[in-house]
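Worksheet: the structure to be examined is printed underneath.
The chains carry the letters A, B, C and D, assigned in the order they are written, with residues numbered from 1 in each.
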């Protein structure tokens, strides 16, 4: 299979909920996606961690996938996040995403019981073989409870033809080194850890998967263009300006913090779903100040 | 609220699935529960970690809860495990368990996004206030991704009247010391870490939550009686005999290993649900040898 | 080589320094050791972690070794702690201890550079082969920076005839289980983690290496006799009474806390050596209260 | 106090020992330092971790300090490493280094007992106030057992006038971000983790403290010039070429691996001091191949 054509800044929309009844708010979702596409990001990734996919029912999940793909309308590539506790559920969602028009699926194994390497490979195989789309393997031990080493990530790329990209969210740049080394720099890897954005690009990342463009897309894209042009001194300067809000988003949880930020900017996307609680008022004020300083 | 009347060996049945279509096998479930009750265990806890509750649909979950309560038929107390990614789902399950006749619910928060202490307290509050049953707070960082300190566990007990017991599965005996100290020994705590059984009782645990009685109930109960009688030398001797199979169960995952063991004993409970895979053949042979040595 | 004859409560004296000039105060050392022997402890272990051996010059180390052995005067066995950054230094100290009349040496590898297993084995071999005394292998990752697994500890016992005992201070009771299992209960192991005293004895420890008898020997010995008699309920009761001061000693550093406690009891042993600082006044008051409650 | 004038590649010589008697080989030390200075490195740092200072007697330590300063002969700045278990010993060494002509001292607290923040500050204060030289605070938790947070490092810089630089060897680039943020980029920090060289410079490091120039100075310096010129793409290319030998040095211990490499290059610096053992023959072959590929 050919390598992917995606790269750059891949934006992760949150999933809006109506304040009245907690249902998915597809109008707000479309408005958010329009804003993101208009800002110039290079891809849209609904149903990722930021999209609270873990807290959606199957029906809601399908609704968000369809509405997102319609809203993007192929203006940029769409990467649909697939994660489900059961393999059967993950396969079902991947097939749905393919039929609905996704360009790529990003697959995160989440599990209650610790999975063996054999079980992880079998899970990815079942999903990859069920579809013809390119698959991005997603390592995010902090949320999924499963930590896949660079060697395992590359094993998955080797074993399944349509597994062609990696997203690394452990925040450990040495793993990116290892991905580069083991594939002579041929495997595209994406960084999913916001406070590592500068160093991940220094280490050769193909793109940055981030929910931050929901709140400050222009600054994120300007930084990306600078780092891509290879101007290290200026990139560093911009990065250190971005770092306080990036760190705030990570420390407070992406859906929680991004939803609060969007409300500050006049786009009401509702509250995160419980057990997540809305951002505390004192922190809303901090976020407001951080955004104002950009 | 009065203290609980449960204690001793609380047995965790696995959830059998039919080999034909993967559906819940309530006949095998009843057979397993009958066996457990007949063996003399002091309580039955369906829909725990060993019961693969994380991999069940809502309908299946209710089916298992009802079938288990019918099978136990109040011969011993039944502790129903409640865990769901959303607070709404956890409340719904707790109410269902109460209506179906549970004696206690054991509540484990599982979350994709890391929860703040405020969010954990709010989650427990929502569940506890929705029912009148006693609630056992369950700490199991390895499977749930949430680690609740002894201080937080006790805060939950203090804040909600019907939260009256703790199950500690971190495997750290110092946390049990802390639970004892902070409550002058008045808070009943249960041990959920099999290889800590001896030391947990030494430290004053009220009971042992374990799936091991599915495979060797007589030995587990004999050990419990010995330790309860305070005969430390004999208890140690028995414990070291139990330790190799207990450690095997933990190392291979409870549903995976217990299902393989039940098949060896002639009770077909099917396979664990994918992404979990059946125990590898070489390990089945190890388990067979370990069980034979008891 | 025959098994050791030591066991029970092995007491660790601190090393007194004169307030006037910071030199070793052998008079106070003798007074402390006399007190310990008179209290009924089953062994004395000078120059352990509590004895600040890491902060002594070679000459001071020899002075303390000799003075301690003279003070004990064979009334109980003496276990001399040997740790030095270089193998040559460790060998020199072990030979000195042997000549001076030690019954056992307890050897802790400390290293600046992380040692490989090959280097650890070679270090122990050099020390063990230089003397005829029984050697106790000492694992204390928190202070030494080297963590030896139960398998490595047992390898050392197997390879060198006079390495016949283990002291485990990691605080992980599962390692004691492993030591028991791998040797069918034949290897004597000592517990060096104060807050694990109850569980270590439950798991079969031969003895408890502790500085606590410097401050409250009668209570430590009474607990030991109870646990040895196998009366679990009473042992637990005594243990929970001992736990707050034991935890205080560990949290504040043994030399720092024990020296403050001895001053409270009227035995002036001076200050710990810098960079260690004397216990802060507010904590001295806490310690006073904890000791008063015993 | 004015900011330091050091920066760039600070080279760490190993300490040669004679094969005949294990004594310090000052001739080989001078030869090594001459080679390093001639290669163009921007500073020389004797008696660091790579210099096995932890395994030297006081007399040897002074001998190495003097011989190194004589060999450098002010052609580049000399940074003398100061670490001793006692504060008194650290002060004595710092004073010796100052009298002998050091330009900077790099101070690493090493301790057997875990030090409180109060004790660390007091230790640094004693050393800093004993001399007039600039002090570089050195954080290296892996070897020293003490982990100083960025906040503590900056506290030390604030409290003592001549503490003006930080060396961070934890390998965590987020700590460098924090150092930059807390001081608005005004505090010079040096990277001491070889596999982080690229990202540390991306994050704004002033210099790289490394023993690698003992073996391949030209490649290290060429990388530094490229990264300094801000050519990110070329820097990355060079970095990935350097990474395998850098990682080898780290994985095998700097003195062990560098000494083996120098022998391969015809400069006999003897063996590391026991408990460190010479590099195993199979690994010497690996190192040879890695060096040949540069």
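Keep in mind that, in the parts below, a contact is a pair of C-beta atoms (placed from the backbone, for glycine too) under 8 Å apart; a residue touches a chain by one contact, two chains touch by 3 or more.
Which chain is which protein? Per UniProt: A, B, C, D = 4-hydroxy-tetrahydrodipicolinate synthase.
Nothing here was measured: the structure is a model prediction, and the numbers come from that model.
Asker: Kindly list the shared contact partners of subunit A and subunit D, in label order.
Answerer: Joint contacts: the list comes back empty.
Asker: Using C-alpha centroids, which chain lies at the maximum separation from subunit D?
Answerer: Result for the farthest chain: B.
Asker: Can you work out the whole-Å distance between the CA centroids of subunit A and subunit C?
Answerer: Chain centres of subunit A and subunit C, defined by C-alpha means, are spaced 52 Å apart.
Asker: Need the CA-centroid distance for the pair subunit B / subunit C, whole Å please.
Answerer: 39
Asker: How many angstrom lie between the centres of subunit A and subunit B, each centre taken as the mean Cα position?
Answerer: About 35 Å, centre to centre.
Asker: Can you list every residue of subunit D that touches 2 or more other chains, as numbers and ranges?
Answerer: Subunit D, residues with two or more chain partners: not present.
Asker: Subunit A touches which residues of subunit B in the complex?
Answerer: 49, 52, 54-55, 85-88, 109-116, 118-120, 122-123, 126, 142-145, 253-256, 273-277, 280
Asker: In the complex, go through subunit B and note every residue touching subunit C.
Answerer: Residues 171, 173-174, 177, 180-181, 185, 195-196, 198-199, 202-204, 227, 230-233, 235-236, 240, 243-244 of subunit B touch subunit C in their complex.
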